[in-house]
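Both complexes below contain chain A, partnered by chain B and then by chain C.
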Partner chain A sequence: MQFANRTSLNNAAAVSIRRLQAKLVQCGKPFYLLMALAVMALLPLTAMAELPVPSHITPPPGEHEGEHVPQPIEFPHDRHVKDMKINCMYCHTYARRSKVAGIPPTSKCMGCHKVIATDRPRIQKLTEYWEKGESPRWKKVHDVPDYVHFTHEKHIRKFVFDADFPVEDVQQVCGVCHGEVREMTVAEKKKPLNMGFCRRCHEANGGPGDCWKCHK
Partner chain B sequence: MSFKNILENFSKYRRGAEEGGHHEYEHRWGMAIDLNLCIGCNACSTACYAENNLAVVGKDKFEKGQAMHWMRIERYWDDADAGRDFPEQGALFLPMLCQQCGAATCEPVCPVAATYHTPDGLNAQVYNRCIGSRYCNNNCPFRVRYFNFWSYYESSWPEPLNMQLNPDLSVRDKGVMEKCTFCVQRIRTAKDKAQRENRAIVDGEFQTACAQACPTGAIVFGDTMDPNSRVTKLWQEHEVERGPYTSKKPKQNAELRGYRIFEELNVDPSIMYLERVRETEV
Partner chain C sequence: MSKMKSVKIDRRSFLKMLGWGGAGTALAGCDLPTTVTLEEGKEEVVSYLMPEEYVIPGIGVWYASTCLQCDAGCGLHGRVREGRVLKLEGNPDSPINHGKTCMMGQAGVQAHYNPDRVTSPMLRKNGTLQAVSWDEALSELNGRLGAVSGDRFAMVTGTVSGHQAVLVSALMEQMGSSNHFAHETINARVWRQVCEDMLGDPMPRLRLDKAQVILSFGADFLGTWLSPVHMATEYAKFRSAPRGMLVQIEPKMTLTGGNADLWLPARPGTEGALALGIANFVIERGWNKVNVTPNVRRALAEYDLPKVEEITGIPVSKIKRIASLLSERSPALVLAGASAAGFEDGYESVAAAMLLNIIVGAVGETIEASAQFPEAALLARQGSTADLIKFAKGLENKAFDVVLFANTNPVYTAPEALGLEKGLAEVGFKVAMTQFPDETAMLADLVLPLASPLEDWGTHVAAYQAGGDPVISVQQPLMEPIHKDVRGFGDVMLGLLKARNKEFEQFADYYAYLKTAMLNMPGLADKDNKNDAAWNNLLQKGLLSAKPAKGKLSIKAHTVEVAGYQHSKEYPLHLVPSARLGLWDGRHANIPWLQEAPDQIAKVVWDSWAELHPKTAHELGVKNGDIIRVSSASGSIETQVYIHKGVHPDVVAVPMGQGHTAYGRYAKNRGANPLKVLNPITDKKTGELATHATRVKVSKVPRKNILVKMGGSETQMGRPLVRTVSADQFRRTEGEG
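What follows is the complex of A and B.
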């Protein structure tokens, strides 16, 4: 899916370049300049690497086209992860401690957004919630059925802490199941997260194969 | 490991305990139930209902035999024909739950391998794999498997009672067989905790809901592979051993009260009962 996204981006870039080309031709500029421009325009796009998979994980194959889940506030993961380089576990703080990764309390958002970007409409909406003493009703995007026992804590321990994987790159580990969240605004389900997906990973990475390890 | 075991060793699996075992165990959870201490109060059964999201089916369905008490108290009378009236009749209570047999008869008959033997020595039931053929129930000598004939969401847990459901195990739907799991969610939690702290599970660190609720401490739960656990010591004390049935030894010592129900069927049950002793005639 990421691949398709990139192609469509490339297409969009190509279209805009063609328009530019048409304009420049009208101006009578030489063609090689256009080519150089085109290459320059495309370079950052091709250099945009896919999220690297840590060498100690064999990722299970499987893609999923998740539905867009409307959230009360359109939370931009890309802004926080890619631009601000905030660690996943700064907000999803329970991932390394418990079964669920956890949605941060509004107080955590306000810890920064009392002072940062207070003029933006989304932050103003958040502040409204905060002042009313309410939490935005975030919707769950990655959900496994009730009969599945899954713990984030065990997976993080195995693939990050026990593997001596640098914690600052933890999004690469998270990305095996959650996809490239740094390129999304609100999170979308990009991996199937079904039994086949889990089993393929457990087989490739030496996870348990006993039914009752995961089924409850 | 376990599912592979079914596929690879099916014929061995089917023949059971005579073949000398075909499982690689990490633990073998077991119990010792002292019938001398059991007062038939049903606290264990109630605790099981609360812990394991058991549906309360109601009187009419109960009478049809559709109750789903994973743990039940069976009641026997000392001498039914003696003509004595109720209080003096001499009731015997026997808490009956899944015996987690080492060579379980329910396992090899499942057409979809929804029930299988775990490396912990438990007879697992995977609810979402079960198709409800009920072969396992018909093959169980203890009658401790219960079939969900109805969906009980609304009738058994009307709002806000649904908030009390245990999130650590699923609420089963109709068409699925269910049974005692030795509170596998507690086992799982204890194992996770031990693994996190990089140690082995300590005996008595956790127990099943029924053992926890028993007011007289009649139920002792533990790992029968751990030589120092309370349950192993009780088994040894009463000279009850795991493995296939050999022959009924004549009782030498009246102090040895241990027995396993239907041992002679060679199902290798994991629960040892201690016989009730009465001092006088009732």
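What follows is the complex of A and C.
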């Protein structure tokens, strides 16, 4: 029943946005932007955590309580992102080029960790993998079903490069779907990443609405 | 109640309402947690240890290779992602297939990823095949080969060309044996012989694109004849304005027959008489472009139209129409395929068709000299059933001690009457080099698992070169072998050669051999090449063209003697073992995509069937799906009836491909194999198996099946789903593009 309630709420929200948009199209552009911001602020379900949401994205409502997934190495995203200020796309380098963001190759980890923090147990475990010539078998946290064609590349292009959004703040864009990874150690799923979530975002941000755009 | 009654809901509105309801349900379901692969932490994701520079996960890279699903030699491009080949398409640079593939080519990935691959060598111990190491397998094989002398060793392959053919010849030479048999059930052996004898070129180029009318005596060039993908491209040009006209004469409608403007079933085996009758009429009317010798003229004069009608069952009016088409629509092209060639006088029938070509002036117009690849050693050693019969004779005479099978499955394709299984039981040591546990492998003493064509190196020279400069097509692996214990065909052959001749030891593996050999080819010779540029370019393109050894056609028209038609009381019907693009000769029965692809004519899936003319079915008292027993003098098979107007009333047509007793989960114990019951009749001239000459009788079996086919209904139920025009109206507009 909870789900049903949420669905109807969200649908109602989506409908009201559409109605507003329809009206706004008739008005001038500045007014449109102003109103869009106002609508965003008013929507109760869009409230995000501390991570700022880029002004050009209307984040879709929807939360998910992801489990803590034990990984072969308890990789600290917080240490790398918050403390060391390493860009998401430094490690997830394929995100801007391909459908998958990619887990960084072990050689990339070792590029730094041959010399950095070599006395820590987690790094020693990583070095063990490297010396054996193996990659850790990570557990997937974020995924969509096989019948969904999702591509990181198109989303990064639209919301970062085409929008002239500063690449150094890219985690704000990533965070729309991946949550506040900078506060986590290993990644946890914080957004539902289901069709409703995708559709709400596509409606609010002008994404394509054809079935075959994703189901092909 | 009365109020409700007044609301009329027709079927369409009802469906509409249902549709909306369905959509509503679907939208409401959007936020429900899905259970499909979304669970966190259930699947693994493993990164590269060190990525290759050009690899981006999620982005496919295309590599060139060659298709080995049949022996047409089409060029391929394979899409590889994260080290896995996912999709095959044609290589646009290939003059054979111009970037296209047929469905068998598309399904190459399913052969490659087939769950029933043989994954390790197996040696027969105490009567059963047991997994052994390659070392043990090869030491056993080398020991056996060492103990056999000369012609007591035999090798059976399919069509083999390029450097694999060189290695096969080299091994035969080392063994001092001349017994290499190349076996293909679907072949154009008789056509080749006729072309060689009458035109001086065994594989002339056929210009379907230039022809204005094609008369085909059972040559299924869109499905199974010579080079189907290439022919289909040429056919499209033939059909574009001004639209060429296709006349097909065959006892069972093939894919090509289904496309014909005029489809006529002559009485089986009388195609030759029909061709001679048409030739006679053409000359009588003075429509011939080439004059024939008095000898030939006299022989032709015997075939006056009423007599031809009596032999063939084709009305005089139709014969006249065909003859006038051939002269009105010049240039013409006459072809002859399996259903004309598959008789005792098959050679003569095909020769009659060729005579017609000569008379209507097709030679030099639509039949051109071939452009042959200049390296004779690399030319295709084309398979035939004559070789199979020779091999069977050898077995009967206990002529072999060791037999090596490679990429062929004669135990499945050979008619029971050839006694192959019995003969093989007498052979001391039988080795099967194969990817799959097929019928031949099951009888072998040693099974060597081969890499799939998508994992292996090779070069291929298509027997039918499409024109322009002839090409050699390179086969390069599209991925690492899925199973670690398989080896490439070239690697195994090279290993056997190394054990016998020190010269081969300079090559670490078949890749090294191939690279050296290719870099020494005239078109590529670049011995100073330090940076491998020539080699890499070759692999990128997938093809090497060569200056052709240009041939010339020299016409030798001679008299043709075809047999008359014999009726048989005991066996009233003819068995047509029809070939189809899909399962082919049965080698693709283990590919689910091809099993589920409906037959182009009967639309049946996953099974065998027997095509019967409605009249014949009525006489036999059988309906669609009834099981019948088809018996020849050599055995019988049982399968379900499919009633269809596209067969001659004297014919029962059973498609090849099913009826495997082994060959993995998708093929085994499914349908019936018509090849098994063929009588061992051969074409007198070429020794080819007369595949269409077997007479059969049909009896009803008191069982019934539900015929599983696409399009369960033969009518459109009054809905204009496919727009049609009347034949008259069509005739008025035909030829206007």
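The rule we apply is simple: the second predicted complex is superposed on the first by the 167 of 216 C-alpha atoms of A that agree within 3 Å, B and C clash if a C-alpha of one lies under 4 Å from a C-alpha of the other, contacts with A are read in each partner's own complex, and residues count from 1 in each chain.
Keep in mind that, in the parts below, contacts are C-beta pairs under 8 Å (C-beta built on N, C-alpha and C of every residue); 3 or more make two chains touch, one makes a residue touch a chain.
Please read all numbers here as calculations on a predicted model, not as lab measurements.
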Superposition on chain A - do chain B and chain C clash or fit: clash
Which of chain B and chain C A:138 touches, first, second, both or neither: second
More chain A residues in contact [chain B versus chain C]: C
Chain B versus chain C as contact partner of A:53, first or second or both or neither: neither
First (chain B), second (chain C), both or neither touched by A:98: second
Partner chain in contact with A:117 - chain B first, chain C second, else both or neither: neither
Partner chain in contact with A:146 - chain B first, chain C second, else both or neither: both
Contacts of A:106 with chain B and chain C, given as first, second, both or neither: second
First, second, both or neither for A:194, with chain B first and chain C second: second
Touched partner set for A:84, first chain B, second chain C, both or neither: neither
Chain B region in steric overlap with chain C, selected from 3-11, 21-29 or 39-47: 39-47
Chain A positions touched by chain B in one structure and by chain C in the second: 145-147, 151
Residues of chain B that touch chain A when the two form their complex: 1-4, 116, 118-119, 122, 124, 126-129, 168-171, 184-185, 188, 192, 195-196
Footprint of chain C on chain A - complex, ascending: 3-4, 6-7, 10-11, 62, 66-67, 69-70, 94, 97-100, 102-107, 130, 133-141, 143-147, 151, 188-189, 192-197, 199
Of chain A, residues touching chain B in the complex: 145-147, 149, 151, 153-154, 157, 208-212, 215-216
In the complex with chain A, residue positions of chain C that touch it: 27-28, 30-34, 36-38, 40-51, 56-59
